[in-house]
Amino acid sequence: MSTARRTGSARTTDIILLGLTVAFAILWMIPVVWVVTMSLKPNVELMRSTAGFIPWPFTIDNYFNLVKLATVPRWLMHSFIVAVSMTALVLIVSSLAGYAFARLDFPFKRTLFLIMIAGLMVPEQAVFIPLFTMFADWGMHNTHAALVAPRVAVPIGVFLMTQFFRAVPRELEEAAELDHASYFTIFWRIMLPLSVPALTTLGLFTFIFAWNDFLWPLVSATKAEMFTVTVGLASIQGNFAFSEGLGSVMASAVFASLPIVILFLIFQRFIVAGVAMGAGK
Amino acid sequence: MSGGGSPGRRAPGTAFLFLAPFFAIYAVFLVYPLFKGFWISLHDWELAGGYREYIGFLNYQDLWTDKLFWRTIRNTLLFVAMTVPTMTLLALMLALAVHGTGRLKAILRSVFFMSSVFSVTVVTLVWSMVLSADQGLLVPLWNALGIKPVNFLAHPLLAMPSIALATLWWGVGLPMALFLAALGQVPQELYEAAELDHASRWSVLRRITLPSIRHTLLLVVVLQIIGQFQIFGQAQLMTQGGPANRTRTLVQYIYDTGFRDWQVGYASAMAMALFLLMFGFSMLQLWLGRKGDDA
Amino acid sequence: MHHSKLLARLALATALTGVAGTASAVEISFFRFFGDCQTDYGTVMKAAEANGECGIITALANQFNAENTIGAKVVTQTVDWGAYYDQLTATYSTGNIPDVAVMHSSVLPNFSDRDLLVPLADGFAKVGIDTADFVPAALKNATTNDTLYALPYDLHALLFHVNVDLMAQAGFVNEDGSIKLPTSPEELISMGKEFKEKTGKFYIATESQSSEGMMVRLWESFMWQQGVDVLSADGKEASIATPEGEKAAALIKAIYDEGLANTALDYPGAEQAFLNGEAGILINGTWGVDNYDSQAKSGKAVLKNYAVANVPGIFGAPKVWADSHMWVMPKDEGRTPEETEAALAFIKFLNDNNFQWARTGHLSVRQSVIASPEFAALPHRSDFAATAENATALPVVQNQRGIFSAMTTDLNAMWLTGTEPADALAAMQESVDQILRRNR
Amino acid sequence: MGRVSLRDVSKSYGSAMVIPGVSLEILEGEFVVFVGPSGCGKSTLLRMIAGLEDITGGEVQIGGRPVNDVAARDRGVAMVFQNYALYPHMSVRENMVFGLQNLGTAKAEIAARLDRAAQILQLEPYLDRKPRALSGGQRQRVAIGRAIVREPQVFLFDEPLSNLDAALRVQMRTEIAKLHHRLGATMIYVTHDQTEAMTMADRIVVLRAGRIEQVGTPIELYERPANSFVAGFLGAPKINLIPGVLTAMQSRTATVELAGARVPVQVIGGTEGAAVTLGLRPDVLTLHPDGPIPAIVDVVEELGNVKLIYATLPGGHPVVAELRSPQLPKVGDTIRLALGEGQRHVFDADGQAITLHDGPAT
């Protein structure tokens, strides 16, 4: 908690607290370990018993079956396309608007900012039905655009970027202005590179959100070949339970989670650092 | 003192150009649907088959007498009441516990954050399995104790807490990260000064840490309220609203009414209710937060 | 499964997909539930070689793709049962309306009343489907407002699936080898207690978790047995909170209260418990017969001696809940004549192979199949022959899914949350009334 | 080219008038320092010249061209900021050439100018470093380098040295002065530090509350301050401003009566019996047993070559004397101060100088 020197008893308390946290973390991970274990057991064994954390008897058939299905990799691909494009668009749109709010002066600025913030209080679930009818009218369901477009204008993203840009020293911008930079150059060459931590955080959260979005893809992507992983998994959990067995269900869960877990492990150090720069102000 | 004066460079043309993408998308995919949703809610409007009839506020009258609707409101509020304080508290405790330097703490941070990256399908699958009275993780434990396995997800009183538990496990990462960020910005000198003042661990927390991060606390609570009000996936996938509608949430009811029963008009009326409810709560929160600031 | 074998299959599957992709086939989309079993049946080309609902329908599609001569290719989309009708409905908005879809007769009016289905009488005449061959009740199910909208494919009803060894252990097997089943509510409870005492197992296993509403089907059966129609034929009124309803509900509650059934089982859990020899009777539909029979015969399951029985007339006439799977063609402006032709060809193919479907345990709806010697030779069919006559369905009214779901929730509350039967029924009545009010 | 003219330039935020109206001519190649207490509007004035603040009224011309409606980027000025304002994500090299890139300058030209600037400022070893890897002085040099490569008509400095420690400040001061000689460009420099102003400026502009109090060379301002504010602002230690009454008026001479002392002065104008302020630089005061001004010693500071005596006059007014004599009074001693060589400034009730100077300023 502090780098200041502590007394002996305080140190002991620190160690005990840390020990408790470690124990809690182990408890935290148990469900995941258990699911991974089950995914590595034969279905016949699982019918008998699901207990235990050692995958024995061991099999990787459950995973083989998945890959063979070809649908799961396809769903992964859709999730990636949707998550990546949504992330990119959210970052672009939010940072552009955030820059304008943070650094430019224009008529109705306060009003527009309030209108933007008010969007925070409009839950997606409150508009998904009209959205559904809109996309139906346009004949745009079962497309990537339908999955991405309604999620691009994110007030919290604009808010975060506005806060971040406000914290950037104004002199930098003025210096750039005297360096003959246009507003766009200032935005692109100065503000954006400076906001990499904030962008990383916003991007990461957008990506996770996009990856895990459930209700909208559930109603918009009705073609099996257009499912995202989340919806696809939900669709086969029932089907698998009927036919393939528990091991396959667990394998599908693990398999579908792997990419995002790996991504997380790569980028995790940015999460806290980025939030610190963006939202902590 | 340089730059302190003006609020920004006056450049309306550029500013509107920069704002255009956001507000265009915002208008088309948020503002317009909100009004369209209200419009739909004034109709008997069927999902398939194109039946539409203007009926004024009849849907809202129906809502008023719809027991299941009030039940789902109650359930949703209950869920919010269960998750928001516990989530905030747990996130804060975990953040305090894993804040700091060192490899071990970095690993712990990852562990607690990691469950946030799983999709709702995976989370509910995991927890449905863990809590299953038939094949669940705890069954061997119950058997060893000679107790009949507790059927969490079908228990009238335990079902909702079970969903809340899964939600907690799933969602604590983000608020924890926010708290960690805030903790990182508390000036170290404050702690050092407190140390010299012989402040106890508890009073350091209460007198220094908490006041320093209270903006983040407010942010977390507001975000949590907004997020938890919209609960759908967990209840839909873990209990399907059961047992006896004890876990049926508002969004689930909206979904069922619209997509199972095709009553899109009625569902839209509920969606408007959800909007008003959340809007009210967010306003209340912000107002309370501001009041706290003035004091 | 050996990996080498698996890899070989994988290669084969890839090769097949490759070939199919290059041919200029008329693709028709085929929307169904019944699960996804590509892993086990993806390469089975003869329906006769498949087992179970999922296996047989998968193999039927494969077989049609392989054998048809008009260049048609069926592309199956398997939808999770719980979300099936939501997804099907959504396709009308999202634009991938299937060419052929499965539909329960109980759901049909929702679609036919809104003109969302293609009338099929002309098409059937063109491809040579003989509607006169259908059992009259089935044909009636497929017809609303005098228009034929579907190909009836089966009649499915609730059955008692029996573990004969356990029954014998409890002394419930008659001299002639038939199973002794209760004939009154009191007897059901007393026999159940006796069974429990003698075997230490559950008398009954069934889905009890609100997901399938198995007990609602039983409750409805009990209502019909007492001569009460749950829903009026015009779809305006429900008779739920009635003395008869209370009797039926009280019996169901007693089953759980007396510990004769495990409340913790979901659908697969109930099947598993039965196959693991943990219960004497599994209350489930006709669709399980083939599966349980083959499991029992395979020797892998604890269940060795499997039998089937009609749901007995506990409250009088042995009426039993039934529904029907049917094939429909959802209306789609964009469907080409070639696709219509291919879809009709597929429907005809399905009708021609009605017997294969009947192997699942479902009752056939074709008189010619029922009369055939192969059908008579199927295992256990004679055990539940009477079910065909006892089968009772709800009248053709809209919003039956909502009604069923509401009833499931409120009925299950009896054992899941301890609600008293009268209260549960009052809640059911109220929920159902609210839905019926919307029916036009 | 590098001529800067301000014609009645004013600035207000809403109803708050920050700069009521400033007119000033800055010649090409001149080094002009704006000096004044914080809040006097000197930075605002600079930023208006730069184009970073809108001009409410009046006109700014650079090189004879009115630039009121010209964007900052097109005014041909370069600015060095107090906080350096280096782009943290760019290397020193990138920082310095960013402006030229935006102008679309040819690559060879950019390289040549970069080399020249880097050499002048001795930045060659650091070109590939990021700003955070540099010391404060190095960063300041980069900031200046960034301005140099642009070869602007006018350099603007906004308190560029205030974030540096004292020693470094002195060093950078001379470097900037050298740079000015070398480049010969017009430089406008804002500071609140009178030493910087005195040492660097060709001309100093003293500002107070958005108005120019006086413009002139450092020596003019030091020797002939137009008013008590300018007198008080320039020179260290600060000039003693002692209230008194003007008596014994002759044509050019008069006496200022202080509490317990009389000081003969030379004035133009002034009225008999008017309240005035006597301005005495600390080095004018000497210690003499018969000196006319009695005082009680409060603090004695020994600075080596000089000593500062802080004392209180009988009227309760504090006074500072800068002495070079080896003998020093002790705290609490009553001393007598005499007036040595040097100007005795007299300011009227409005603070305006009524001092009579002999001949032109040196």
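For reference, chains read A, B, C and D in written order, and residue numbers begin at 1 within each chain.
Going forward, a residue touches a chain if its C-beta (ideal position, glycine included) is under 8 Å from a C-beta of that chain, and two chains touch if they have at least 3 such contacts.
Quick caveat, the model's predicted, so the values are computed rather than measured.
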Fill in: Per Cα centroids, the chain farthest from chain C
D
Worksheet item: What chain sits nearest the middle when you go by CA atom centres?
Response: A
Response to the item:
The chain pair joined by the most C-beta contacts is A-B
Practice prompt. Between chain A and chain D, tell me the centre distance in angstrom, where each centre is the average of that chain's C-alpha atoms.
Written response: 56
Worksheet item: What whole-Å value do you get for the distance between chain A and chain B if each is reduced to the mean of its CA atoms?
Response: 15
Response to the item:
Between chain B and chain D, the Cα-mean centres are separated in Å by 59
Fill in: Centre-to-centre distance between chain C and chain A (centres being mean Cα positions), rounded to whole Å
39
Worksheet item: So which bits of chain A are touching at least two other chains?
Response: 133, 171, 174, 177, 219, 234, 237
Worksheet item: On chain C, where are the residues touching two or more other chains?
Response: 82, 90, 93
Item to complete: Note the residues in chain D that touch 2 or more other chains, in rising order.
Response: 47, 52, 81-82
Practice prompt. Spell out the residues on chain A that touch chain B in their complex, using ranges where they run on.
Written response: 1-4, 6, 10, 13, 17-18, 20-22, 25, 28-32, 34-35, 38, 46, 50-51, 92-94, 96-97, 99-107, 109, 112, 116, 119-131, 133-134, 149-150, 152-153, 155-156, 158, 170-171, 174, 177, 183-184, 187, 205, 208, 211-212, 214-215, 219, 229-231, 233-234, 237, 246, 249-250, 253, 256-257, 260-261, 263-265, 268-269, 271-272, 275-280
Worksheet item: Okay, in this complex, where on chain C does chain B touch?
Response: 82, 85-86, 89-90, 92-93, 110-111, 114-116, 208-211, 262-266, 269, 273, 399, 401-402, 405, 409-410, 412-413, 416-419, 427, 430-431, 434-435, 438
Practice prompt. Going by the contact rule at the top, pick out the chain B residues touching chain A in the complex.
Written response: 2-3, 6-12, 14-16, 18-19, 21-23, 25-26, 29-30, 32-34, 36-37, 40, 94, 96-100, 104-106, 108-122, 125-127, 129-130, 135-137, 139-140, 169, 174, 177-178, 180-182, 184-185, 188, 191-192, 195, 201, 216, 219, 223, 226, 229-230, 232-233, 237, 251, 254-255, 258-259, 264, 267-268, 271-272, 274-275, 278-279, 282-283
Practice prompt. Could you pull out which chain A residues touch chain C in their complex?
Written response: 44, 47-48, 61, 64-65, 67-70, 132-133, 135-136, 139, 141-142, 218-224, 234-244, 248
Discussion item. Touching residues of chain D toward chain A in the complex: what are they?
Written reply: 47, 50-52, 71-74, 77-79, 81-90, 98-99, 102-103, 146, 150
